[in-house]
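Order of writing sets the labels: A, B, C and D. Residues in every chain begin at 1.
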Amino acid sequence: MLTNLKKDVLQANLDLFRSGLVTRTWGNASGISRSEGLFVIKPSGVEYDKLTIDDMVVVDLEGKIVEGNKRPSSDTPTHIELYKAFPEIGGIAHSHSTYATIFAQACKEIPCLGTTHADHFSGNIPLTRFLTKEEIEIDYEKNTGSVIVEKFREINYLNMPGVLVAGHAPFCWGKNSTDAVKNSIVLENVAKMALLTLHLNPEIKKLPEYISQKHFQRKHGPNSYYGQKS
Amino acid sequence: MLTNLKKDVLQANLDLFRSGLVTRTWGNASGISRSEGLFVIKPSGVEYDKLTIDDMVVVDLEGKIVEGNKRPSSDTPTHIELYKAFPEIGGIAHSHSTYATIFAQACKEIPCLGTTHADHFSGNIPLTRFLTKEEIEIDYEKNTGSVIVEKFREINYLNMPGVLVAGHAPFCWGKNSTDAVKNSIVLENVAKMALLTLHLNPEIKKLPEYISQKHFQRKHGPNSYYGQKS
Amino acid sequence: MLTNLKKDVLQANLDLFRSGLVTRTWGNASGISRSEGLFVIKPSGVEYDKLTIDDMVVVDLEGKIVEGNKRPSSDTPTHIELYKAFPEIGGIAHSHSTYATIFAQACKEIPCLGTTHADHFSGNIPLTRFLTKEEIEIDYEKNTGSVIVEKFREINYLNMPGVLVAGHAPFCWGKNSTDAVKNSIVLENVAKMALLTLHLNPEIKKLPEYISQKHFQRKHGPNSYYGQKS
Amino acid sequence: MLTNLKKDVLQANLDLFRSGLVTRTWGNASGISRSEGLFVIKPSGVEYDKLTIDDMVVVDLEGKIVEGNKRPSSDTPTHIELYKAFPEIGGIAHSHSTYATIFAQACKEIPCLGTTHADHFSGNIPLTRFLTKEEIEIDYEKNTGSVIVEKFREINYLNMPGVLVAGHAPFCWGKNSTDAVKNSIVLENVAKMALLTLHLNPEIKKLPEYISQKHFQRKHGPNSYYGQKS
């Protein structure tokens, strides 16, 4: 069942781990088949170096386990909220990568300070509010998704494929699980450079809008010319 | 004698080293057999990449070497104090890992600033006082254990599996030596993120208590649901 | 066609990647044959671990692709400007290496604070101005080269083999692509040390001129005596 | 000639490189045979991964090359000054390791802030003055040794096996080249922790003298009890 998707999601999880974004078992990637309404996700708390394709769990958008011998990631309800609210995404990745998590813990957006950022994220990388006591008691992981969705009411999720959850860590997404992991790697890199840029020059302003827009469009706009023709 | 325990403790020591927490020979892990009242510990000053199972030293809770051709870690009396005072722990790990040691040297607790911390440690990671001149002259390593135990008079060692010794470095513990090393890895990660979170936002407050409690209970409480059923 | 140059440029690109200066596909190295007026450059957006000699693109100084099945790096027009303006260089390397990029984002030159810097770069490593809106709209990558060249009107490019483009990242050059990559590695190292030196002692002055000149001349002057006789 | 010493010095140079203290070719280790008055040192500017035993250069204390096809390290005259002034050392190592070099560039001693430091260095790690213009013009590398020796007029070089040369980088020594490299690794580690400890708590005081002395004596004093009996 969904063998190719499982392979992709397994590989995305391994990439997340090998890229140094994951300590121990903290993190997970998933990928969805929109036509079948099912997604594949990492099992909860299993060590990455022992992960096999048979460990992958297939879940539907109600949270029902459709296939798999293991519990899915405890963050599964967060993934469901994002898949429901962002219909054009095909994959999600979550990690506690050091520098992105530092911004989440410090309750600061990541300002767009350079072209590396602008190449991948259009604007500052947003920060959710804290969940309320009630939201945590009723359904913590689902409501983690809800506060992300709430934050994106006025942000285009296709131009901003990531977010920081206050006090917690980042979530990223993309056209598939590989793309979501790629965005997680970029986010971590951009977060580290932003933190130290602000340290070196606390007066620094955001990159001029005409430069950041040029860079984002060069890679993602209708007339993009970066990379090879696909 | 205690072959399985020796294997586990050897592996825990190697994990401590390979996880990047140890420079040269600085660090040691031990594991105890409560039924026999004996523990296994790394020999003193031996390089990790030359460590074999036959180098492991078996010691009783009076500090007597029961088996082994080498001197046990010079920190053995500290381990004994902890095993005596914390009856439910099964393993201890000590390292001079960079960021945890920085907090110890700066004489600062590690505040709970995010869910990564809250997932593993309930509350701020405590700092002991400095040993007095007399405590150092009489029995330095034993009294290192004593100041840790003193600090935990009002802290539950099961919810807080680690401590910073002022001017020195961290000690962690757990249900066995593997678990103690795991907590050492988490502590180092949490310390790095806390240091840089405080740098990015010096005004940041502790994570709201209802969030940190949720996270700790989700992994460690009676109704924990993280990971696979064991 | 230009087989040896292609081999060298492939190797230089791999060295750039393996030295840790490149995240994902961000970066490129090129090398020129002055006698033929042609240069070899990395293809755009291709992952480094899949790069082969057949992927290398041969381009002339008008930007025409002379050989190759792939699009050349999107930064090709920048390389052309530099090859035209700096007639004695034989190679160029561009990356978004963390610390050099931080200085570029912070809009700060890298001051010469030690002999490591002085061994390789004579003076502070310069920073360009931002491109204007018009420059970006008309020909972004070509004008990135132009602002670099503008900055070097009063700087000797042979004594200063690198520059920071404001809000973007560094470009380095040298007698060939290998040398350009070597200078990129040095620049990154020097940038990291400068950032943290300024943190540790914000009052620190530039290295005395008689020391920095001694070091630069020891390696690069007419009576240089570092390394082996060639 | 001096085959065993050459093997040791080659290995020490490789250890220096593999420990991450060396970028490119910056650094060198040497070891001396006191009975023969000859020392073995790395050749100048040769890449570490190509270094063989036949590249090692044998030099006498007048700086004459006694054996070897290559030029010795350009820092050879510095090594000579140290071997002459410090009769009980058997090896020297020099690198531009990041954090120790940062302290040298910032013109700051490394204060003793923790037991990791105290285990290996008795007191603050000293900083030389800058060389004068005349000292640099007359004999730069020899006078680098002289300012180190000058600094140690009132410091016991056996209890303090390392120094920072202002604006330049560290030199370390020990009973042989292996020991000198070990001290370089410790110095780098201690420098990183000191920099960030001072960042986390700018008010922090030196470790109490009775603790730092205990630690140094525990490893190096007449009644040392760390490690195995030799």
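Just a few scattered comments:
The definition used in the following text is that contacts are C-beta pairs under 8 Å (C-beta built on N, C-alpha and C of every residue); 3 or more make two chains touch, one makes a residue touch a chain.
Because the structure is predicted, anything quoted here is derived from the model rather than measured.
Interface of chain A with chain C: the two copies contact each other largely through different residue positions, with under half of all numbers used appearing on both sides.
Fitting chain C to chain D on Cα positions gives a rotation angle of 90°, stated in steps of 5. Among the remaining chains, the Cα-based centre furthest from that of chain C is the centre of B. With centres taken as mean Cα positions, chain B sits 33 Å from chain A.
Averaged C-alpha coordinates give centres for chain B and chain C that are 46 Å from one another. Annotation for chain B: residues 199 touch two or more other chains. Taken pairwise by the contact criterion, the protein chains form one closed cycle in which every chain touches exactly two others.
The set of touching chain pairs reads A-B, A-C, B-D, C-D, using the touch definition from the header. By the touch criterion given at the top, residues 23-26, 43-46, 70-71, 74, 96, 98-99, 101-108, 130-131, 133, 136-137, 140, 167-169, 195, 198-199 of chain A touch chain B in their complex. On chain C, the positions that touch chain D within their shared complex are 113-116, 119, 182, 185-186, 189, 192-194, 196-197, 199-201, 204, 207-208, 210-211, 214, 218, 225-229.
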